[in-house]
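After this come two complexes, each holding chain A, first together with chain B and then together with chain C.
Moving on, here comes the complex of A and B:
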């Protein structure tokens, strides 16, 4: 991954804006931002972000590659779509945020131990095994992501919730062993693999 | 028609006038007190039947002076249009029945109001003459355009297209002005995405091919004498030869100069040839002729360019421009496109604080720039450091940090300064406290130039300025008019503007110049009293040669002869009557408006004796704004106190102090003067009239104290045409004041 990062750095040496335009989903919109700040004012989690979308766009134009890609701000987006609804220039800001997060992850620059980034990885791994999400295992993986002791604590804290779900037949303890899968898991995995190859070829071509 | 005067009165009983008022009493007043030789009533005077009745009287009975008692003089002007006779209007509708409640207890005072308006109209009529043009007028259709830039060329082409011969006087050796050096211009047509051709070459070709246009290159205006219709102009060429031409009207289109950024050392303009102004960049681009743009120092192709916006503009600091030119950011977008269109990898950054992209093209052109990957950074530039690679230091206002960028070329967005010639009123003629306070704020730098028009006028050589060197005009109503009748300003000497706006401006000024020349040919006023044939005349044996009229005329219409007597150039005159109001010996008058015509109205109001407890309030209302506001009040049913008697005046500047003293002496209890707003953002249709009136009325206090009267009996207000509620309230307030301080002791 860091190879890709250095290749990208080499190719777009001083124009991070061009790099974003070519590689980030909806990245071609970044140049159209007119710095009005409506997105920053509209974001319900704006206070919790280090960089508002407005600032991220300005940083992209100012060539602050490292700061943008290692920022945890785009990982904080809850996809409420307030910014998209309000942007006077019609920028798909939510999608750009996810695009930036995805690109940072690909380059290996996403912040380590960022909770939403970790959750996304766990979700993906879980999904890829059987072609569908095993909720029991997903929950347990999240509980135990920070170690066994913390996992037990998390599980006990949510004990009542788990019992209630089992009573209501919303969760089956037997899913822990194997669990359901789709009809053709290996077929799905092949499809995904192929898609990743296409994606990689595209980004390698850009690099 | 014989010279004998025959007075006829007409009373309309329509629109409720007949029901609310005793019209037979009005008729009796008109004939007995008003001395109308005949007086007729009609149920709808403005109908074709009513109008025909008046026409018949003029035609067969020889009526030469008619008094129409109906609606306001501002209503039904098409119906009551009898240019062959002298006419007055008694405002019974908007002025009386519509501002008074319809109730038995108000009947008496309402009738008294109407009675007085009949007396006033009859009295005014008896002192009027039918105005005739003086015979001084002459028709000259040739237009002089001073300046051969985009504005001047457009004005010339527009005038010629209307069939009027034009002379262009251009100081340089070629037409085109500043725009001749521009590579491209801001787009004016949808989709507003690409810079357009300037069109200068086509315009020059069109002018050369036009038989109606004569071009004087390398020439200046050495002397301008005369008046609209007969401007006598000496055109001097560089070689020293002088030719003399006469013109009907003049358009000044002398454009602008750019602010000199070497006054601001932080931008390093003088320290590196690679730091250029926006105008200098145009020359670089034009020199590149479609090829790569090279920087001046070493001829290296420019790979990174920074545009520093708002240099020395919208600043409160000494030596900088207090205003913003408005178009600098559009220019920067256009110029950044020069680089992007040649080399898409060229790093173009526009450092702005407030990006202004006005006009139809504005937003679309901004987006087009963004689509071309021009970088827009909100940043305040603190310093440009010269060197092989220029360093631009700036505060990033979004990321809130001090930072810098490298560039091969730095372009400074400098503002436009009007090239308008020296201000005749640079030293204010009347010094008041406010003017002194204003002089403490730093003065904007202005272009220091020699006179452009060299007017042979009593009041200075060039067009008066408003501020910052821009020429004065009534910005809302008459933007092209200047304070010199028949001379029109167009383009950036009125305000900063782009080429498109300058062309619109030029077309407007051309039309006004044509109108001025035509009106001058008929002896009519230009604006706002367009069509008025009257002109000021004076009684020489009474004149004390005090020169107040020549000094105070806002339009420089009056020269002085060698003995110091005023010389009224009637076609320069706007018919405001400011001279009449200025004259301390009351020798200046118009045929249809004079000290006497208003004085007669004041005197013929019946002032009841003190124990009647019916005060009288004189309202002198400007006919341009205050009087229409009062009419509107009538239409909206806003009540006006029944003690008020309103007399419209041409301008508050025409108000003679004698009206004030005479009315106080004859027992009026209060006087309300209503004029337009004065000052920098004035609304006065005659520019200085309202301001002059306010200054003169400051001295009324002495008169009042000499009469032992309370100072609050005379008030002066600025009233706008929209003050429909406020104008009546000001009158009603005076009624309350009178009630509080008591009636005037001067009732006999």
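Moving on, here comes the complex of A and C:
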């Protein structure tokens, strides 16, 4: 168990709802859910979700901490905003799903091999290097995330796609060497580091 | 028409050699014709897209967009920020609103910005290009510019998610927005008012991380267009465009379909209808060629 996770368990031992309200993005909205079920039918990949948003909100109130934070459901959120457009109580459901996923990851409870969880990390690391996303390296990192052998297989399976994109000048092999960048990368990194420190301190302070 | 100047946020995928560089070219052409001047935000950074949440966290993510807004306020004062990428628009507008509602978050974002001597006032509207077209320019003015109507073309309007939800275009419904149909009709083509996949999600970033699940949805989006006899699919969103166009080979292999459906941007339709050539309209950026548009552009 990560230190932060045990500290949080200790601090909020009686109320997972309070823990979510204090630490999860838009978590203070969870108690407003009236369990109508509209959101449960809204997720495009809903068939693959073990726990719909409605269910997750119920589980939070029931104190099912482990089950919620280790669920892979919220990682399959496509950010389609169907739920927000429809929820009669106005819950910012998309952001709560993102917030739960992020908090689970912070505590080390997110499922390890969930592909979108891995992708979101790769994406963030990619953009932090140059301040802009390098699509070529992003693609390669995803293909190679499960090791070299699998990477070659994935790259070959998508070879035609890559060639098509290059022919249409919508992918550039030269991006591998350097590529697009903002000018002030070090400033951007400094700024984000500061933002992370502030956010970490807020959550540590809560623990 | 007087020249309109906007502070333009192109986004990563619009850069030269990136996946929606074709959209960038057609946007530039469309704006030249409509007398809209795009003043790029100097040294803009990636907004983190929707998928940035996993590692990013709330404040770092909001701060990314805060930097862009602050740069815009500093260098392009008094100009509205306009984005063409749905996710860029959404992230930036969401950040603006969240920082407006939450005074602590606003203070914290400014503390982070202060590291690089930037300051966010947060007084700048954040708009989508489509809002500029619909609300400021207007369908009538667009019609008046048409030199080559796209007569006889049947075009399915695929609006997708994030251009439509949660903010959407003023006075449009979430379940059936009609501005793209109106744009299609304004350039002289036929829209398909009953196209039922108009706001169906394509999977977004998950088309990359969960291809099997996403391609099933994309399959449905294209199949419905064929069912209605569409010649083309048109969309405002760069990720929608890429997702629906570039995986058609893989989808055909997976589902035994024979799809070969061109997917274009509204800005490409307008560029062609305004009389510009294939190159200015970025038709050479198609993976699946839009022959019917090339023919009109070549006339």
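By definition in this document, the second predicted complex is superposed on the first by the 206 of 207 C-alpha atoms of A that agree within 3 Å, B and C clash if a C-alpha of one lies under 4 Å from a C-alpha of the other, contacts with A are read in each partner's own complex, and residues count from 1 in each chain.
Just so it is clear, contacts are C-beta pairs under 8 Å (C-beta built on N, C-alpha and C of every residue); 3 or more make two chains touch, one makes a residue touch a chain.
Computed from a predicted model, the values in this text were never measured in an experiment.
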> Put the two structures on top of each other at chain A: do chain B and chain C fit, or clash?
Replying inline: fit
>> One more residue to check, A:59. First (chain B), second (chain C), both or neither?
In response: first
>> Output check: A:196 vs chain B and chain C. Expected answer is one of first, second, both, neither. What do you get?
In response: second
>> Let me test your reading of the model: by the given contact rule, A:17 touches which partner, first (chain B), second (chain C), both or neither?
In response: first
> Looking at the overlay, what does A:34 touch: chain B (first), chain C (second), both, or neither?
Replying inline: first
> Does chain B (first) or chain C (second) touch A:119, or do both, or does neither?
Replying inline: second
> Who does A:204 touch here: chain B (first), chain C (second), both, or neither?
Replying inline: neither
> Which of the two, chain B or chain C, is in touch with more residues of chain A?
Replying inline: C
>> Just checking: does A:161 make contact with chain B only, chain C only, both, or neither of them? Give me first, second, both or neither.
In response: second
> Of the partners chain B and chain C, which touch A:6 in the superposed model: first, second, both, neither?
Replying inline: neither
> After the two structures are laid over each other on chain A, how near do the C-alpha atoms of chain B and chain C get, in Å?
Replying inline: 19
> What residues on chain A does chain C touch that chain B touches too?
Replying inline: none
>> Looking at the complex, which residues from chain A come into contact with chain B?
In response: 14-15, 17-18, 31-32, 34-35, 54-55, 58-59, 61-62, 89
> Given the complex with chain A, which residues does chain C contribute to the contact?
Replying inline: 12-13, 15-22, 43-46, 48-60, 62-64, 67, 108-109, 111-113, 115-116, 118, 161-162, 165-166, 174, 200-201, 203-206, 208-210, 213-214, 217, 246-247, 249-250, 284-287
> Touching chain C in the complex: which residues of chain A?
Replying inline: 25, 44-45, 48, 75-76, 78-82, 84-86, 94, 98-99, 101-102, 105-106, 115-121, 123-125, 127, 131-133, 135, 139, 142, 160-161, 164-165, 167-172, 174-175, 180, 182-184, 187-188, 190-192, 194-196, 198-199
> Can you list the residues on chain B that touch chain A in the complex?
Replying inline: 347, 355, 366-367, 370-371, 373, 375-378, 396, 398-399, 403
